[in-house]
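Each of the next two complexes has subunit A plus one other chain: subunit B in the first, subunit C in the second.
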Partner chain A sequence: MISGGARVGQDGIETLHEALIPWDSEVESSTDSWVSGLKGRTFFATPPPRFGRMDPLSKLTVGCAHLALKDAAAAGSESVPEGIVLGSLMGCLMTDIHYYTPVCDKGLEHAGPLLFSYTLPNVAVGEVCREFRLFGPNTVISCGEDSALAALVVAHGWLSSARASTLLAGGVEAVDTRVAELCRGDSNADIRSSAFLFQLERRDEPLQPALPMMIEGASWFSPSGFSIERSADLGNTGMKRLWETLKIGGRGFRTIDVRDKEGYASRLKIFIDTEKHGSTTRHRTQVKRATY
Partner chain B sequence: MEAQQDIEHRLKELLIEALGFEDLTPEEIDAETPLFGEDGLGLDSVDALELVMILDKHFGILIEDPEMGKEVLASIRVMAEYVLNHRKK
Partner chain C sequence: MLKSPAVDIRGTGAVTPYGAGVQSLWQGIEKGLAAVSPFSGFENEGFPSLVVGKVPDAVDRLPAFNGLGRDGNRAAFLAGIAIEEALRTANMTSKDLEGPGVALFLSTTKGPISAVERFCLHRKRSGDVGMVTPSDLAGLLARTLNVGGTVRVVSSACASGTVATAMAADHVSSGRCDRALVVGVDILSAFIVIGFLALKALSSRPARPFDLDRDGLNPGEASAALVLEVTDENPGPLVQGWGLSNDAHHITGPDRHGLGLAHSMRAALKNADTTPDRIGALVAHGTGTVFNDAMEMRAIEAVFSPILPPICGIKGAIGHSFGAAGLLEAALAVEMLRYQRVPNTVGHGRCEQQGFRFKGGPLERHRILSSNSGFGGVNAAVVIGVGDSWQ
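Coming up: the complex of A and B.
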């Protein structure tokens, strides 16, 4: 069951159960991009003492995790997540570039020790675990542009196989204008920062074996089965549509299920059920399993 | 030549910027507050490296001996005194 969720994007912050809050002028007027202007006060009434020292990927992940946890609690969930599965295509690339640029240009004496400690993508997950005291399983998945959906599939597998009973899962991409341009190159790829995190809880049902983790590619389908043009957002591909689908449910139930009826099918189906006013709608998407 | 008070203020500004203390102003940092430990600003070993880099980059002071580092980085006041006597920039 999806008991809560939050997203952070260019337009502001939003939770599954509350409306969008646009950025204030301080974040909007950031000289680089909104992701570089994030402050602890953006997310917290009393920011964690170390928040200002984190890199943008960690700030975005910790902030979004806080909002998702608050959203789940406000919606009545009493479960506490044990771990987190984070999908990220770009990972800590922006931090790597920010760290190495002065080192390459001016020499090692211009290296930033604090920034260096964030040159691994799983540090963001570590910061979430430390801040919210998640002592269970956690990982970062970077498997291409569908990393966020893959993270949801893996989280579902961990819940189904009783590796955890409540998890945070989703995708976070943090790139500033310069890094986005570097990555874009001559392509038209739409590279931007965004974060989508959900609190997933295991329902009372028979345990299933964990699904294989290797995943590549995803396509979206409408409830009636027609293919929908895929999102151009790299990394968090499909997450915006998933978010919109989940928002339809209002304060109703939302569940996520992953099926692999053929035992080792090339595609794993993800079902999202939303319930509003007693009527349930089933949405589906699928991720392609790696074929090597 | 900068007075010790000016150096203290500059060190506070550099510390706030380098360590991302979002809601802290130089005026709010007591120069005698310990930089490390629960009773002080609560800095850790990675923060200490960042302070060593600040001394090198802005004042030309190299601190290579960890024991010396412990002494010099005790507080803003101690740092400023050391800068005053050893700066090369």
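Coming up: the complex of A and C.
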């Protein structure tokens, strides 16, 4: 069951049960730089003391996790996540470059131990676990542009086999112009930072959803690749469609699938019934503008 | 937690600082030989003296699976060597890894890190940098093998190999694939070594896991591969259970009490439907750093007291190969079961705590628990054992 969720993107922040809160200023760059300037107060009334020292991937992951947890609680969930599965194609590439460039320019003594600590994508997961006291199963997976969807598939499997009863899962991409240059050969290439995280709960009664339910998921690979353009949403390709599906509501099975040029593919089948239980979208009467 | 069907380890492959082959790893460890050595091979200026576990140059002349890494991609090359052996020991051909019923799990911390190093060094992308992300590397392996099932990179820092083994075993046992190839690889890179220097986590001497005088780790490189499937016929060594956890404590420092690691060990034992007294040996993470090893000893005491099983660790012998480590340790566990032996922990001399055994000896029970911990507070444990009919 998808009991709550949040997304953070170039246009602002949004939860499954609340409307979009746009950023308070225009984001002009096509490869968004907003992710470098994220502040703790964007997400938290009282930001965690460590927030300012985190790398952009961790800030985005911790902030989005906080919103997803709040959203699930606001929707009536009393469950507490035990673990997290994160999907990311680019992982900590942005931090890798920021850590290693001064080393190349100025020498070994300019290697920052703190920044080096963030050159593993699962450290962002570690920050989430630390902040929200998740002691259970956790990992980061990467499988092309369906990384986030595949993370949901993994989480679905862990819930189904009772590895955990509640998990956070989704995808986070934190990129900037240097990552665009490295990966696409053009610093202006259209690649986007974004985060989508959901709180997923195990429910044994099938098709009696108070909230959308994940029914099944699968991932596979085509060695010859798929003839499609690379996506600007990187590992979060498919998340926007899942998000819109959940927001629009309706009744019945919905299938979200992603295929990428490399050959990675994932499919997630969900069941929604918002006609019976009401839309997952409730708009705030007062929309606050977010800051970054 | 539902009990998972045990998954057969059909084949193992490895390339380590001892050279190519799981047997060279086993024999080196059994003989107590250290394969770490002084190293000064990085281009960056100002490096202090380092002791590392480097795969010997002689391996460079060996053929890797389907020519992997022929273009100079060292991670792909080492992976290709390990895959070649895993297939051979599984009595399989490349055809057996083709198609939609086969999954590939790649365990790595930095994958093709050379592309990032070159990019930062030259301040620009120099021509076609080729693969950049670990996902690119997994894609290359999957295309070369013609794998058509699930393909995933698992990034759980130094626990990646054990997490990948657990995820692959879960994938096989739940029927989501017929067979899984798990590959772990990381290469020696200035990027990683400089970072650990900055963290003051490297020893200038061969590492001494769990030793009273331990003072840091030796970075290394390696690759290992496992072929997993469920089989009713003559099951050999099995992945019997696994557990994952997080310390939720600190991103680089382990929980001093070892609570997270103990949690993952207990979860693995429960999943394997076994108890601590039925474990014949532990293959520990044992990096040789002060805090990791102390944390591990606390966790082992918490789970296994009053009688601790014998413990062995490989990082004093070959260095810490990060994403490959957990898989090498699984491959070693298979050899321990085969030879009914627990090898010495190379580099270990004296222990500050009572009750711990790091000297080799007979393996008295046919189950081994292998565990790893890593940055981000991640912990992972797998139970590897044999069925009653295995000889």
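Here, the second predicted complex is superposed on the first by the 208 of 292 C-alpha atoms of A that agree within 3 Å, B and C clash if a C-alpha of one lies under 4 Å from a C-alpha of the other, contacts with A are read in each partner's own complex, and residues count from 1 in each chain.
Note that in this section a residue touches a chain if its C-beta (ideal position, glycine included) is under 8 Å from a C-beta of that chain, and two chains touch if they have at least 3 such contacts.
These figures come from a predicted structure and were not determined experimentally.
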| item | value |
| --- | --- |
| Contacts of A:182 with subunit B and subunit C, given as first, second, both or neither | second |
| Touched partner set for A:101, first subunit B, second subunit C, both or neither | second |
| Which superposed partner A:44 touches (first subunit B, second subunit C, both, neither) | neither |
| Touched partner set for A:271, first subunit B, second subunit C, both or neither | neither |
| When both partners are placed on the shared chain, which of subunit B and subunit C touches more of subunit A | C |
| Which superposed partner A:141 touches (first subunit B, second subunit C, both, neither) | second |
| Contacts of A:126 with subunit B and subunit C, given as first, second, both or neither | second |
| Which of subunit B and subunit C A:113 touches, first, second, both or neither | both |
| Footprint overlap on subunit A, where subunit B in one structure and subunit C in the other make contact | 109, 111-113, 117 |
| In the complex, subunit B residues that touch subunit A | 18-23, 42, 46-47, 49-50, 53, 56-57 |
| Subunit A - residues contacting subunit B, complex | 39-41, 47, 49, 51-54, 109-114, 117 |
| Touching residues on subunit C, where the partner in the complex is subunit A | 1-2, 4, 44-47, 100, 104, 109-110, 113, 115-117, 119-121, 123-125, 129, 132-136, 138-139, 142-143, 146-157, 163, 167, 170-171, 174, 176, 191, 194-200, 243-252, 260, 263, 374-378 |
| Touching residues (chain side subunit A, partner subunit C) in the complex | 83, 89-91, 93, 96-97, 99-101, 103-104, 107-109, 111-113, 116-127, 129-130, 133-144, 147, 150, 154, 157, 161-163, 181-183, 185, 218-223, 262-264 |
